[in-house]
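Read through the structure below, which is laid out as structure tokens, and then see the notes.
Chain naming follows the written order as A, B, C, D, E and F, and within any one chain the residues start at number 1.
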Amino acid sequence: MQKKEFDLLALGEILLRLSPPDNERIVRGDAFQKQVGGAELNVASGVSLLGLRSGIISRIPDTSIGIFAKNKIRFSGVSDDYLVYDTGRDARLGVYYYENGAYPRKPGVVYDRQHSSMTRITADEFPKEIYEAARCFHTSGITLALSGLCRKTGVEMIKRFKEHGTLISFDVNFRGNLWTGEEARECIEGILPYVDIFFCSEDTARLTFGKEGDVKTIMKSFARDYPISVIASTQRTVHSPKVHSFTSVIYDAGKDRYYEEKPYKNIEVVDRIGSGDAYVSGVLYGLLSENGDCEKALKYGNASSAVKNTIPGDMPSLTRTEIQDIIDDHENTGYHSEMKR
Amino acid sequence: MQKKEFDLLALGEILLRLSPPDNERIVRGDAFQKQVGGAELNVASGVSLLGLRSGIISRIPDTSIGIFAKNKIRFSGVSDDYLVYDTGRDARLGVYYYENGAYPRKPGVVYDRQHSSMTRITADEFPKEIYEAARCFHTSGITLALSGLCRKTGVEMIKRFKEHGTLISFDVNFRGNLWTGEEARECIEGILPYVDIFFCSEDTARLTFGKEGDVKTIMKSFARDYPISVIASTQRTVHSPKVHSFTSVIYDAGKDRYYEEKPYKNIEVVDRIGSGDAYVSGVLYGLLSENGDCEKALKYGNASSAVKNTIPGDMPSLTRTEIQDIIDDHENTGYHSEMKR
Amino acid sequence: MQKKEFDLLALGEILLRLSPPDNERIVRGDAFQKQVGGAELNVASGVSLLGLRSGIISRIPDTSIGIFAKNKIRFSGVSDDYLVYDTGRDARLGVYYYENGAYPRKPGVVYDRQHSSMTRITADEFPKEIYEAARCFHTSGITLALSGLCRKTGVEMIKRFKEHGTLISFDVNFRGNLWTGEEARECIEGILPYVDIFFCSEDTARLTFGKEGDVKTIMKSFARDYPISVIASTQRTVHSPKVHSFTSVIYDAGKDRYYEEKPYKNIEVVDRIGSGDAYVSGVLYGLLSENGDCEKALKYGNASSAVKNTIPGDMPSLTRTEIQDIIDDHENTGYHSEMKR
Amino acid sequence: MQKKEFDLLALGEILLRLSPPDNERIVRGDAFQKQVGGAELNVASGVSLLGLRSGIISRIPDTSIGIFAKNKIRFSGVSDDYLVYDTGRDARLGVYYYENGAYPRKPGVVYDRQHSSMTRITADEFPKEIYEAARCFHTSGITLALSGLCRKTGVEMIKRFKEHGTLISFDVNFRGNLWTGEEARECIEGILPYVDIFFCSEDTARLTFGKEGDVKTIMKSFARDYPISVIASTQRTVHSPKVHSFTSVIYDAGKDRYYEEKPYKNIEVVDRIGSGDAYVSGVLYGLLSENGDCEKALKYGNASSAVKNTIPGDMPSLTRTEIQDIIDDHENTGYHSEMKR
Amino acid sequence: MQKKEFDLLALGEILLRLSPPDNERIVRGDAFQKQVGGAELNVASGVSLLGLRSGIISRIPDTSIGIFAKNKIRFSGVSDDYLVYDTGRDARLGVYYYENGAYPRKPGVVYDRQHSSMTRITADEFPKEIYEAARCFHTSGITLALSGLCRKTGVEMIKRFKEHGTLISFDVNFRGNLWTGEEARECIEGILPYVDIFFCSEDTARLTFGKEGDVKTIMKSFARDYPISVIASTQRTVHSPKVHSFTSVIYDAGKDRYYEEKPYKNIEVVDRIGSGDAYVSGVLYGLLSENGDCEKALKYGNASSAVKNTIPGDMPSLTRTEIQDIIDDHENTGYHSEMKR
Amino acid sequence: MQKKEFDLLALGEILLRLSPPDNERIVRGDAFQKQVGGAELNVASGVSLLGLRSGIISRIPDTSIGIFAKNKIRFSGVSDDYLVYDTGRDARLGVYYYENGAYPRKPGVVYDRQHSSMTRITADEFPKEIYEAARCFHTSGITLALSGLCRKTGVEMIKRFKEHGTLISFDVNFRGNLWTGEEARECIEGILPYVDIFFCSEDTARLTFGKEGDVKTIMKSFARDYPISVIASTQRTVHSPKVHSFTSVIYDAGKDRYYEEKPYKNIEVVDRIGSGDAYVSGVLYGLLSENGDCEKALKYGNASSAVKNTIPGDMPSLTRTEIQDIIDDHENTGYHSEMKR
């Protein structure tokens, strides 16, 4: 494969995330932690932390809030080359408010993302060279659901990246507060013919795509209907807001083979937001750096997701070496050091 | 029942609560979280959050600390109409210092509540109209134990509210550092003839009132000796400072029937202070809003208490809708969403 | 004048204000202070702190952010009886981001207030009794500029309150980022026939209303053209972001008399936002509590504004006694104690 | 002079100080800075920081708040050998709440120091050896005003230390909220026959002791009436809560000579509490370490006080070297480095 | 045994510890908690908190960082009489950065302790009287591994303290990043002839000293080869970074008897750093205060270590009374109060 | 001039900066703000913020502290392409501790930068392409003073960049704690033949280079002795730690012309560290973006430096637009808006 500037370019909205400290509630207190996130940005950041070059394609306001987002994107190791700045009077960065849970109180999210600068994105704002610049292009159903222009831009980019031989990665990431299942199904079925790597949870497959049977049957059925190479599905068990278990299944359509491993059990959850995106980043890292090896993708994906739960904020924060240590500990049943000194 | 201005008026001391952040110790560090609490205020706040109108009857200093307390009371949704301000040279708000525990370290409280403005409260300071203003009057054994004047005022208010057709709610809330079991028993037996809704833990019933038998036998014996309509008793299991389980039993004397439900297991405790008061608030809300339905009272009480453990500070912070969701999740054995979006 | 439930009702948008601590910049750092403000809310809060009863008429989202705003409104002493909750999918509270300045860096504001729940307010959402409930109604040009519905509601409320014998107070508060000078002039000239108390800066009078001459000439010309009783105009000198001087002029049209006093010089500015609103609140307090005495209104207004600059956040935080002490110190040229013990 | 264990022992109450951060008000916010202070402790700490051995004589509760005070006393370099622990049910540490000012808002203090463990101190609780242990004993009018037992203990200790050849230092420190001027005058005149080093402000000398004439006349009149060796009087000018100027006058009665120096002008005040005590500590350090040289005492006193204003909390925090650098800069009119590297 | 000034003197390096708050990562965020620690200091502090007199022998820079360390040492109840100040140009306090873990992320430490002032310590810097001043001298393998001068000083002090009848306590505390197992073995075997109380983990005994058999066999073999009186070995089970269990075994060589107790199970770990040192402090306290009673030493050691895990920072923070309560709760199978009021 | 990848590459050490919040002292408190700085990094960041592409050449440890530095460098807009990671056992990032001043307390710095990874840098670690990559190369006397290897690398890079037609910028930045004036003079005189843009303060010119006469005479003398094109010298007046004034003089040797402007007076200093580096960044930006126009360089330099004083941390934080606004305000004597809305 020819050398490209980026291993991954991702298209998605960047949000300002505001959360009260610790277990405080949104309705009280005097302070918010300020962070930046977004499903596709989280993926790009995870891939970058593991050692590949990634960038985010997005549209942000030309205000100090937009610059804050840009600074944080750079901090997270992601290129800001394809950020477009909105200088309009109604330029804004979407905001979401997040508070942690503790059993029996669930975590909660309040979205204020409508009318954001991203919702007015168009493909014309980006130079044609972008389609030559990446080995892989990733976006998610959230982007497609944000606005008509987002959907149009997302679909167009998928097609044009594909034309230039770029791998297309797509995460369904269904959000019932952005569109209906029916809208989602119709739109996504239109792009599946272009998708190489497909992330879809079992629940969504059933509820949105009307799939039946166990998770493996479902995966195979997607691969039968569309020219998808790799399908991945997470398996999360939420024991309580502070304790989860996690693993996943990956299906390699070419080899007609499933990959699984024992779950990370009783993860000590600090912040579960973005753990699904961290999974995607691990899988993509594995596929892109290990020549499509689904077994390695599975391990990187599961470890990246499990450990993201222990890190505050949307974005992951682990190096390649640290992830490898976690994989080794997970597989190793013998002596474990208790601490990294 | 005729329409009154308040659904609940509660008489009790308001304390400034100071606690080190997280798991820091009182003997170290540079900062205290500053909050306001008090058993009866916590009850009034819980009732208000669920949607009824409540107010607190108390006496606070006419200083900026008193105004802070007033502001926080309003913030928590409780009326400050019946706060009396102490302008004396020795006016003070009682203080308590609280630190969290973690097994094997227990949580700890240091009280500095003597000589507070509340200890010099008298019934004369309040207008007669107060006795017409509420459907229910609540106080607890803490108020009766604070000082001679508090006891006199508490007893007088119980009687006068009762005369005006107000439901009387009383929580024993025995505190060995305020009075002896013998003093408590004698005083409380004097007011039980006026009490309609009675909260008493099994331990206190045995140790202070000399009751014997299981919790149901004890409850019935109270109802036999006094004209109490509803008796409630919490059942808390402390697995560790950070893990509790909780449920309760309510006895409806008129129907001679007990109400119980399965416990909230392995609550992820953030701050257990005020969870007993949250229970009272849930039960009173249920009784007052659902026409005395003890089954609903039980559910609101248990859910309110369970969830209070997850919230920092003395006072609860959940809306009617949020509590209903928790009750539904507790009863529902099927699919639960992991997060509120 | 007959007794009404509120001394003041104010119509205006409530905003979530987010600011980095101290002199940090918006584009960096990990935390925002979270506060609530809004020109008319700030006025209502100031009037309440000084001892009158006030309420805010507004429209906020039915989310935890809306509840936070409601809690803070109550905390600040303002009634939440006339808050309407927006349960729509696009419900949102407007946000603004504020950072402090230090010479030669100016303070800065980024607004994200478009599409807020307030912009869809209508007079129909409020009960008719509201027009009987207040001695004085206050709003500002910001409200009129927010949206077509806001303008319609504002104008309608001004007229209907006026019909019910309510004093009408109006602050021009011109904001070039919300409407043009021409739009402002046209709209405001339509309501001036209803206004009793009028706040307009000298700059705005010249630039927007095309007035000429010195500030006193300008004031008299407004009183000549419209049946306004009291006109007030602030005189602020900005030496640097951390040092201002402040005084004002008030014109009593009935007596054809001007009121002035020496400025508060070299105010140590902590947070200048809301100091104009604090001025309005002091003037209204003076007029409403002192039977229209403009001299007292001037003193309360100047002191309230001067001291607001020393308090973080939008809203003032001083009691009647504290303001009186500041007025006394300002007038008194003899011995001043250095500290309040 | 024979070698003693301590250069200075001071008798005084230790208070928990709680203050909102920066310019926040006591009536709002979620946090207090927690610190420990007290006039005599501040003096002992200042003397210790400059290099002499000091200890505090006091009575504190045997609770975690008392241990916090003890830990902070040790942190500040002061010996805790003569702390007596109150194990009674009503044991408490006095509290005071402090908020900063900014012109035109003055700083404010709310005291909650009544009924503290200190108010029940008696001389019997301390071993006789204490009277042999120090070169100098210091206390202030605050201690004498706290309670009858405090006054009795203070007077007895002054006499017994004097009998053992200890220098007696006394700071009038008049506080109108603790006793009247008449009570103060009567009590203090009773101890002046024992005092060697006397701190009294010009205002207090006039108002409380009925002195007349300029500050030098007043000082000489004290020295004429009582066998006082050194009299010191501070000269503070409060330009605003954030800008003070400071100097002082010292009278050496033996030499009949006055010592003065140019003021520290436009001190950038961060926290003015304890700056008077820092002055006393500097003077005592000068006298004790420089064989009674009043000129050096003046310089150390003025520098210590000036610089204390720049340090948060009650207690000073500068080393001997740092104070010397400040004195050198103050006297030196030539080149000053801008920073200590 | 004759009365000595100190019960314990410990020789060891003092480090500045910097840690991000809560579960934040070192690579992000804007703040570090600043604390002071060091294996031997932690021991000295634990012994002091329980009621004995202890001091630390160390070498720190004569800078404000050194003074910070000194202040914290005094705060923790440890004497600073034997701190030597390094005034050299290259004076520095070693630093270490610590971040908490959460499964599957392990806690991590980054050391920056090379070239510290401590590495240039010599025995000549201390007065001879030091060797008469303590009942017990403690140091650890860390000190011996820091530098050639540290090793020389450590060995010399062990020998000279021993000559003066001081009990010698030694904790192997093997750190592979400071020296090799072979270096450690050789050096430590040289000092074991002088050691009275020996702390060595089972793992280290096997890997470094080549011991075989179970822990009891290993202990006895040490006692056979060297004149050691007491050997202690901790038994920690790390279930996850936030959940540990802990107990230990002590061997009394004179009585040829082993002491054990049931583990503290499922400790809620807040900060595990220093829990091993807290164990040593508890054992030494037990031996020194209870006349060498190993059973009491075991209980104090286990309780001190278990509870240290719940306290932020390196150093323990519990009083004698609090430890006794924890021991009582651990042994008592009946009714436990949930909270200390 | 041909297009190069970077407008500026700077060689210099990166330091971890730790400072207590606000006016707290290093010797107390529980927290440090953590930031990253370094004279040349500050310059690179300033140039990048204004809109040019810059990178830093440095050597940092391969630890989480090194990654933190890398993340912050990216956050500040500077390329990390030429960071070399030190994987050695003794890898470390230099640290410095900074505390703010307030008159009469000066700000203070404690350095702990010896033995850092940077001190072992060699030119061999960087690819040859680096010398083609930039239009301008900048370093300072600090780099030359850090170690023998740093000096060797610095000198070699200056020569090799020069050979490739790169403009050489050099800031003397004399630090007496790193080398003597004599060492500095000798070394710097060796590189001046290669320097195009030279920054040297008047004091340093006199004390280190033995220059005489006024600042203009001095500048011309440098230009006479060496082929320097532009010489700049700052003129700072320190009224107090919180109030400075600032301007500068630039000499254009080719035109034999001096550029000056009126000072920024009474700057409200928040953090003066890095304001000299911000000056360099403004001048370099002006020269590089405006084709060597010294008048524009002067304006950008003065404005960048003045405003840096108002921003916490080492690094500047202003955009091109914001700097232009400050320049406009500085030059404009008419109406100024008070706030940026």
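One rule holds in what follows: a residue touches a chain if its C-beta (ideal position, glycine included) is under 8 Å from a C-beta of that chain, and two chains touch if they have at least 3 such contacts.
The structure displayed is predicted, hence computed values, not measured ones.
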*Which neighbours do subunit C and subunit D have in common?*
A, B, E, F
*Of all chains present, which has the mean Cα position farthest from that of subunit C?*
E
_Centre distance in Å when subunit D and subunit E are each reduced to the mean of their C-alpha atoms_ = 40
*Computed distance of Cα centres, subunit F from subunit D, in Å*: 45
_Averaging over Cα atoms per chain, report the distance between subunit C and subunit E in Å._
62
*asked:* Where in subunit E do residues touch at least two different other chains?
replied: 22, 25, 27-31, 67, 71, 75, 108, 177
*Mind pulling up the subunit C residues that touch subunit F in the complex?*
22-25, 27-28, 101-109, 111, 175-177, 236, 238, 240-242, 272
*Show which residues of subunit C lie in contact with subunit E when the two form their complex.*
29-30
*asked:* Which stretch or stretches of subunit E touch subunit B in the complex?
replied: 22, 75, 264, 266-270, 303, 306-307, 309-313, 317-318, 322, 325-326, 329-330, 336-341
_Contact set on subunit E toward subunit F in their complex_ = 18, 25-35, 63-65, 67-68, 71, 89-90, 92-93, 95, 97, 99, 108, 110, 112, 114-115, 177
*In the complex formed with subunit F, which residues of subunit A make contact?*
67, 71-72, 74-77, 319
